[in-house]
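The following pair of complexes shares a single chain, subunit A, combined with subunit B in the former and subunit C in the latter.
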Partner chain A sequence: MPRLRLWWQLWCSQWRAGPVRMAMPVVALALGVALASAVQLVNRSALAEFGQAARALSGDADLVVQGSADGFDERFFAAIARVPGVAVASPVLELRATLASRREPLHVVALDPFRAMQVQPALLGEIAGRLRGLLAPDGIFLSGQAASALGVETGAHLEVLVGSARRRLEMLGRLSGAAYPRALGIMDIAAAQWQFDRLGVITRIDVRVAREANPVAVRAAIARMLPPGVTIAAPEVDDARLASATRAYRVNLAMLALVAVLTGSFLVLATQTLSLLRRRSTLALLRALGMTRGALRRTLTAEGVVVGMIGAALGFAGGIALARWMLHVVAGDLGAGQLVSLSGSLAVRPADWAIFVLLGALVAGIAAWLPAREAAARPVAQALKAGDAGTAFAHARSPWIGGALIGLGVLLAVLPPLHGLPLFGYAAVATLLTGGVWLVPAAVGSLLARWPRPRRPVPALALAQLRGNSARAAIGFAAIIVSFSLMVAMAIMVHSFRESFIDWLERTLPADLQLRVGASDGTATLESAAQEALAQVAGVARAQFRRSRPLALPGGAASVQLIAVPIESGGVPDLTIVRSAPATAGVRAWISEAMVDLYRWQPGEHVTLPLGRGRGLAVTVAGVFRDYGRSTGSVIIPRSNYVAATGDTTANEAIFWLERGAHAATVVEAMRARLGLGAALQIRTTSEIRERSLRSFDRAFAITYALEAIAVFIGLLGVGVAAASTALARRGEFGMLRHVGMLRRQIVTMLAGEGLLTGVIGAGCALVLGGALSIVLVYVVNRQSFLWSIDLAVPWAQLGLLTAVLVAAAAAAALTGGRAAVGGGVIRAVREDW
Partner chain B sequence: MVAASAAPPVVPGYSLAFPRDHGSHPDFRTEWWYSTGWLRTARGARVGFQITFFRSRQAIADANPSAFAPRQILIAHAAISDPLRGRLQKDQRIARAGFDLAQAREGDAAVWIDQWALTRASGAWHIAAPAEEFTLMLTLSPTQPPMLNGESGYSRKGPAPAAASYYYSLPHLSVAGDIVRDGRREAVTGEAWLDHEWSSEYLEPEAAGWDWIGLNLDDGAALMAFRIRDRHGGVRWAGGTLRAADGTTRHFAPGDISFDPQRRWRSPRTAIEYPVEWSVRAGDIAFALTPLMDDQESDTRATTGAIYWEGAVRAGKGGREIGRGYLELTGYGEALLLR
Partner chain C sequence: MVRETSCRTLLEVRGLAKRFRADRPPVFSGIDLALGPGEYLAIMGESGVGKSTLLNLIAGLDRADAGAIRVGDIEVTALDDDAATLLRRQRMGFVFQAFHVLPYLTVAQNVALPLELLGVPRKESAARVAAMLTAVQLASDGGRYPRELSGGELQRVAIARALVHRPQVVLADEPTGNLDARSAAQVLALLREQVHAAGGAGILITHSLAAARTADRVLTLTAQGLEPLA
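Let's look at the complex of A and B:
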């Protein structure tokens, strides 16, 4: 294939002539793929570890009978053990023990080792020889992770907080790392019931079905006897819970990856178009030498595919490195705070490489195919002549297609989420973006046509140049618009979120001090005496005690948070209420926005909360409030109703208003002295919490900011590349201008003017398009992935600054590119234009 | 130790009464119901069976008010010795008593762990044990009254008077029932032996294990004999009971009993060496013991923590078989600890 070799030589010469220009799309694609693959790898590793942990805990169980954290009557265990077809029923009391020495509670699984041995042999294998030891009334085995995290060895004592009392447990031994990859304590069920004041209660029963029995029938038989709030399911459910916990955050990062890949593929399109313009005579020559149209089209598309594959392969390698870094530095939760990978091992499958490389090839191939089709379609004789560049992108001028794309985007934006994910929202973003870019030539053309003609000759010439070459200019514009509009959209979304978040913080922190005892699902609480003692601390003007705890609702993937707050009858809790129902009799409950999406609860609706051990608490939804603290849903009920339903008078959260002149630090000191709760007792001033919350908010979005900046940088480089290429292509023109008397300086100024104008118009278009995209992000993507609403707020100052930087950078990029082009001799430049 | 002091001691002079003493004695630390026998299948094959229910009191859990508190741990072992298979088919269960899922009842014999049960009803003993490789469903009917071992059921296990148990045997039980193996049900008949023994201090710390036999002799007599070995292989104590067909009973003192190993077998799994052929003397009767097969080792480390040899044996005199029963050899690997 001598023609192919010729093409290869020509392509290589391109790389030699402009390595930076040719490398740009590779880098952009690599970046997008790196980001996408890193997010994917980190998340999968974290989930895999969680899955492994969940499987170790469920062992060989065929069915899991699961109650709420309140648990259910232990006699159900005996009843289920007798169901025909049940080979083993193993009772479990699962709890999160608050430790005196540590804020993070310890996950404790208490079981009957004799029965659990038949369900979780791998988990108990290590201690099988010492099963009898586990019967000690205060003994606990720790997983390797737990022992290292707590810094204890066999024989050491652990202090746990139960209510406001301290109990001592003895570490009997250590499970091997292979048995359980996370922090865990294993106790005998009788010991745990006694030590943690949970007599008569279990939270779970693991069931193994007899070989000869029908699992469906066994499951149905057990389901019939379960009390309200207790469910039976196959053990896989746990994995789904974990996946849903991080989904919203993953989706956010996936969005950024999409931005990078789109920018990258657009750069492929831009560079390829420009390179085809530059090579038009070369390509015509290839055709003249006998290369068919199809062969040329395929060859040119292949260029894009090669670029895409190289970019994606490099990107995936970068993604692995990035994922390693994320696992070690940011931990496996991608900043969401819900997943923490302790082992930090990365699972990379060879198939991943293949998928990402193919994806890159596909995206880049499509991006290269569009201009290739056009280049191949051009008549040979015409293409061999100079000055043919204007016809590039002729089809892209049709505003109908762009309009149709935008219409489709709007349509996609109003569709509901798919499997709980805002997939149509993303499709809407991509479609709107494509449609917007499609409309660029038309929009730019009409804008340029209306632009007043400057008096001075050089700017006038710049304008004329842009007008006359609007198609070529469109490429520069599009580069700006793609990257900048996405950045604008992201900036508006993050800013809107932050503003709404600040507003919410103000609302939720009305008092001066906030107190919390351990994690809300831990075993430590404040009993009535402790509550009184705290309220009487000198300097406290008013105190409000709350009981906050997780509540598993039927049909829900993750637990919701129940908060029992003192509310006078007829009163309304201090919340950002977004919707209310007319006043009703009975127990009122306020639900977070996520509850509406996850459980389809509506204001005015009557629902039953599985509280206490009876039929639960019937409540009426009085209103919907905004809650940025918990994306899995929260419910607020009056504490008096909670106490009546459960008999639980303890509290684990409190807020205090201080007397005028009281010193917060002194009050905190006095409170700590009153309660012997150690590190489990957290007391913070409201300003401290506000600062910490905002800091963690900014940290969570730091990666977003960084990636946005990179996307814009790539966009700017695209502008520079486009400018440099066009400038090179216009060498003849510059020669002509020099001949008619223009100074080199004036030509450079003209180019800078063109760049400036490109920047201004591009930024303007990007602001409009980005604004539209931000509406989709704020009201569709955010709402559907996080399940909470935010109010649109535009960061004018930030956008203004960004626009100024962009315009200046566009001018500078054009200037730099142009200076190189006008550097050559005048005669040579003119001669080239035969 | 609190645990030991809370358990009542075994003392002479206690008068055994039935059916009360067939039932459980939960205050004592250790108790077992132990049944062995020789079966003949409908096709004429001979197999041995063994099923034991142990009860172990955990005084450490006394204070715990939880319904799961492991006050009593129940363990069951079952095995079939079939020379055609060459090894034991065996299984075991362990559970804490409670919720009526596992229990050892007082008043009459009724001890069970889930589906495994040993109960007495209408004078007969019923065994049910659906195991991994087999199922035992047997009814054991007494043909003779209980044989009280030692001094009216007070059976000493060492020089210290406290090292003793309450102990009676039911020899010559007539067996009828089924065994299921490989999904095939076989009707069986045969003759069995049942021991019931409870104690608070069974073995002295110096004791390492025991050798024990329970034999149904063909002439209608029954012989139980044992010796307790110390940690150096010497004999620390011995005892036994011989009841003739006419009911005359003779109790043996330590000096009346001798066990002389004739052939040893090494377990390929644990490398423990067991004397599997013996020459035994009890008072004025002497005979040879030969096993139904060599490999009748039981590894119950998962439940009792012990590895032992327990198997069907033939008693022979001058080349003639005079009876059949079971031989138990404990403490040949590590010293036995009864908890």
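Let's look at the complex of A and C:
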């Protein structure tokens, strides 16, 4: 207890002596933790909502027999229902109905109400009394979210597009958010098969296994009878699909948010180091009075731990507020566009508090332990001596450890992904960063040693000061070097991505107009007559129709997009081909880079594409192309081969080249008038799509920039704290310089010069380090996260501006700290060592 | 800007008074003092009596409430902060108890600091630094860093720095407070010898009677003024 009291007294005296200085690391850590926890809470809330929705749909099912969007023959249902051990089998037709009034399709689940009541009682419980109504041939129940989004009430009519035809459905009632939290329509399966021209087809069978039966045996028995392309799995797999599809993006965001925490921990390191420097004689006195080395080390480390815990606790509270705001304002969509929370409800567990408080304590504890170790190890006699401040923490550590860390980082960067995530890539970034920061003092020392000595005394003193204290200067700059180098790396990565994306857009948008009917997996398509009619519209010089649809491959986490495109025999689609195979006979297919990573398909390989209802198309992989539109994989085949294999002559995408002088708006108007498909028909000019795509791209990375900007802000706080603390620690020196005739402004100029030089060197180090990290981000983290490649491109102007801001901020911080330090009491500082 | 002049009285203090709070009696008042070339004075006094304050006032580092201070022909109390700084640069040298030798400069660079500030050409500066280091018996230590020196050696560096630009007035505030008896004796002898050799005036503030006796004259500071040691 007495030791705790002593610690408390020492710590409180620190706060009394410099409340702002002491609060800085708390604020920095709080900011970092607020960001990290907000991102975590928002993503988890959105995922939880998806999970709840998925569980509502699968209900009490033990097994889910899942086909592609094309579905499979409903006769399999009767066969499966008869499998011994199956208690209930519930057939489902799941589709995405294209609405005439909206671009976004409506998720429709069509069920046999009486069987579904036994499998999904929670979903159907609310409409149990109205099941007879559900049997109406055009009836549909809507979830609260769907009804609100469509702006309809019970009794209203919805127009859906089936092929090019319009059908009317009547809204029978509304489900509460508790029954289903997302947008959904529920229909009777027979009615849906009729309305959507899917007679005899189902897409899923939910199976409840009898209590006495062996689920493994039942599953095996069902699996044996399934047609190709239809799988059986536990319902959790469905739940996990979205989690898996968005995991890379979520992990990337979490890593970025943690950068702010990491930067905050470097700020703790800088503050604590400089604080120990200021308190060296007090600490030496405690040692002289009998405090053991270990006790001193623990006491000083505890200071950091407490700062970390307070910062993290405050940060988590801020994180909850930030998460609520993000759910309210952007529905929890942090840029990926896939993960949106519609209910806006936030679930916070007490364990979350504990985890973040422990995280804060851990990083701040480590950051405080490093200087505490050095301070406790310092010989007492030397620390008590006046002038010891000059040598404490002043010298660079062994560069070998930094070199070894960089070597390890390079090794980690070449390792493959782990569980589909670039975990080794992140570890490589962290290791390279640590190694780089470790080497900074040695590099700065070596650089400054070669710098010619200025003739004028003020810059000469500034240079000599930096030469003598390169390690201490580097400690002060560690936080900004960490955050700025990561910002540089991110800026290069995002710029590289943007440039590659623009190039990809140029290639994928060769014509003047792009047309799409609903979603690619929606119910609306263009029949041959409609295609003919569009091609005949005045002003159209050439038209190309495509069929795009999902392709469910066995073992895939998310569906692959199959795109049937008119390709002449022997021709190659207009794509950014990154690898290709020698020409072969037979049907050729081009696959996106994600297919190589997810399914291990290689150029030259022969594969069979399951086209639904037992049909397959044997193809040879002719090449690998870049596809920034679909990270879950895409396959392009000649449309002629697709039509031959499926008999499906419909299209849902088209591109049009216009005649010279044709007015795009007039042509679009004529097309709309010809088809009468309402809002489901999306026609845009190429430039419009390019602009919208780039806007979406920038929006997706806005959160990235925001997180990085906050990390840099924390880093700049670190520069300010370091400058102020260093200036305070050097008041004795300033006092002496004032005595020997140095003007106050000369001292301030000297400090500004030191800040400027440190800023230039810090920014230079961060640029080199950031450049190296960007290579890992571009070629390892990006490739392994999103399964597509990008070409390296450096945004020189942006980096120049960022560097100028950093250097100016460093000089301004040094100037401000210097002004305060050479104020009133500086003369007395020559006696502070007595 | 301070004008360089020659004058028989290098430092003159008349009727000096200082108080820190209006509701308290002055720390001291009626201080009169005059020092000529080569004159080396020791001032003793109890703790808190204002010895260091007196030095600060003489150096233009603090403002007096009454009285006048002249260094040569310059009225110190009339100077603004910049002019007082330039006066210290040109005409004063300081030795502190805590040495205040810059750790990141070599011994020679530390000693050269006042010459650098005065803009003395590098060649001349090097020659004067070498001569000064020889005088303080550190001729071969110019390239060493302060961390390699003992307390006595550090204080000799500080003395060299205080005298290298040949100031008219050298102010030493407890210069032996951090030293052992042998080093203290060496430093005091050196200080006295160098003040005499430079022909300036020197003031030594000390608690030690033995240290004070190395000076030509010893005065005691009280609230009423300076009095000869009884």
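Heads up, the rule we're going with is that the second predicted complex is superposed on the first by the 808 of 834 C-alpha atoms of A that agree within 3 Å, B and C clash if a C-alpha of one lies under 4 Å from a C-alpha of the other, contacts with A are read in each partner's own complex, and residues count from 1 in each chain.
One rule holds for everything that comes next: a residue touches a chain if its C-beta (ideal position, glycine included) is under 8 Å from a C-beta of that chain, and two chains touch if they have at least 3 such contacts.
Because the structure is a prediction, the values reported are computed rather than measured.
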First, second, both or neither for A:R744, with subunit B first and subunit C second: second
Touched partner set for A:G732, first subunit B, second subunit C, both or neither: second
Which superposed partner A:P228 touches (first subunit B, second subunit C, both, neither): neither
Which superposed partner A:L199 touches (first subunit B, second subunit C, both, neither): first
Touched partner set for A:A191, first subunit B, second subunit C, both or neither: first
Which superposed partner A:Q465 touches (first subunit B, second subunit C, both, neither): second
Which superposed partner A:P510 touches (first subunit B, second subunit C, both, neither): neither
Doubly contacted residues of subunit A, that is, touched by subunit B and again by subunit C: none
Sites on subunit C touched by subunit A in the complex: 52, 56, 59, 61-62, 81-82, 85-86, 88-90, 92-94, 96-105, 109, 113-114, 116-119, 122, 146-147, 151, 154, 161, 173, 177-178
Sites on subunit A touched by subunit B in the complex: 74-75, 77-78, 81-82, 91, 112, 114-115, 117, 128-129, 131-132, 135-137, 188-191, 193-194, 199-200
Parts of subunit A lying in touch with subunit C, wherever the complex brings them together: 385-387, 389-391, 394, 455, 457, 460-461, 464-465, 467-469, 732-733, 735-736, 738-744, 827, 830-831, 833-834
Subunit B to subunit A touching residues, read off their complex: 58, 60-61, 63-70, 73, 94-96, 99-101, 114, 301-302, 305, 339
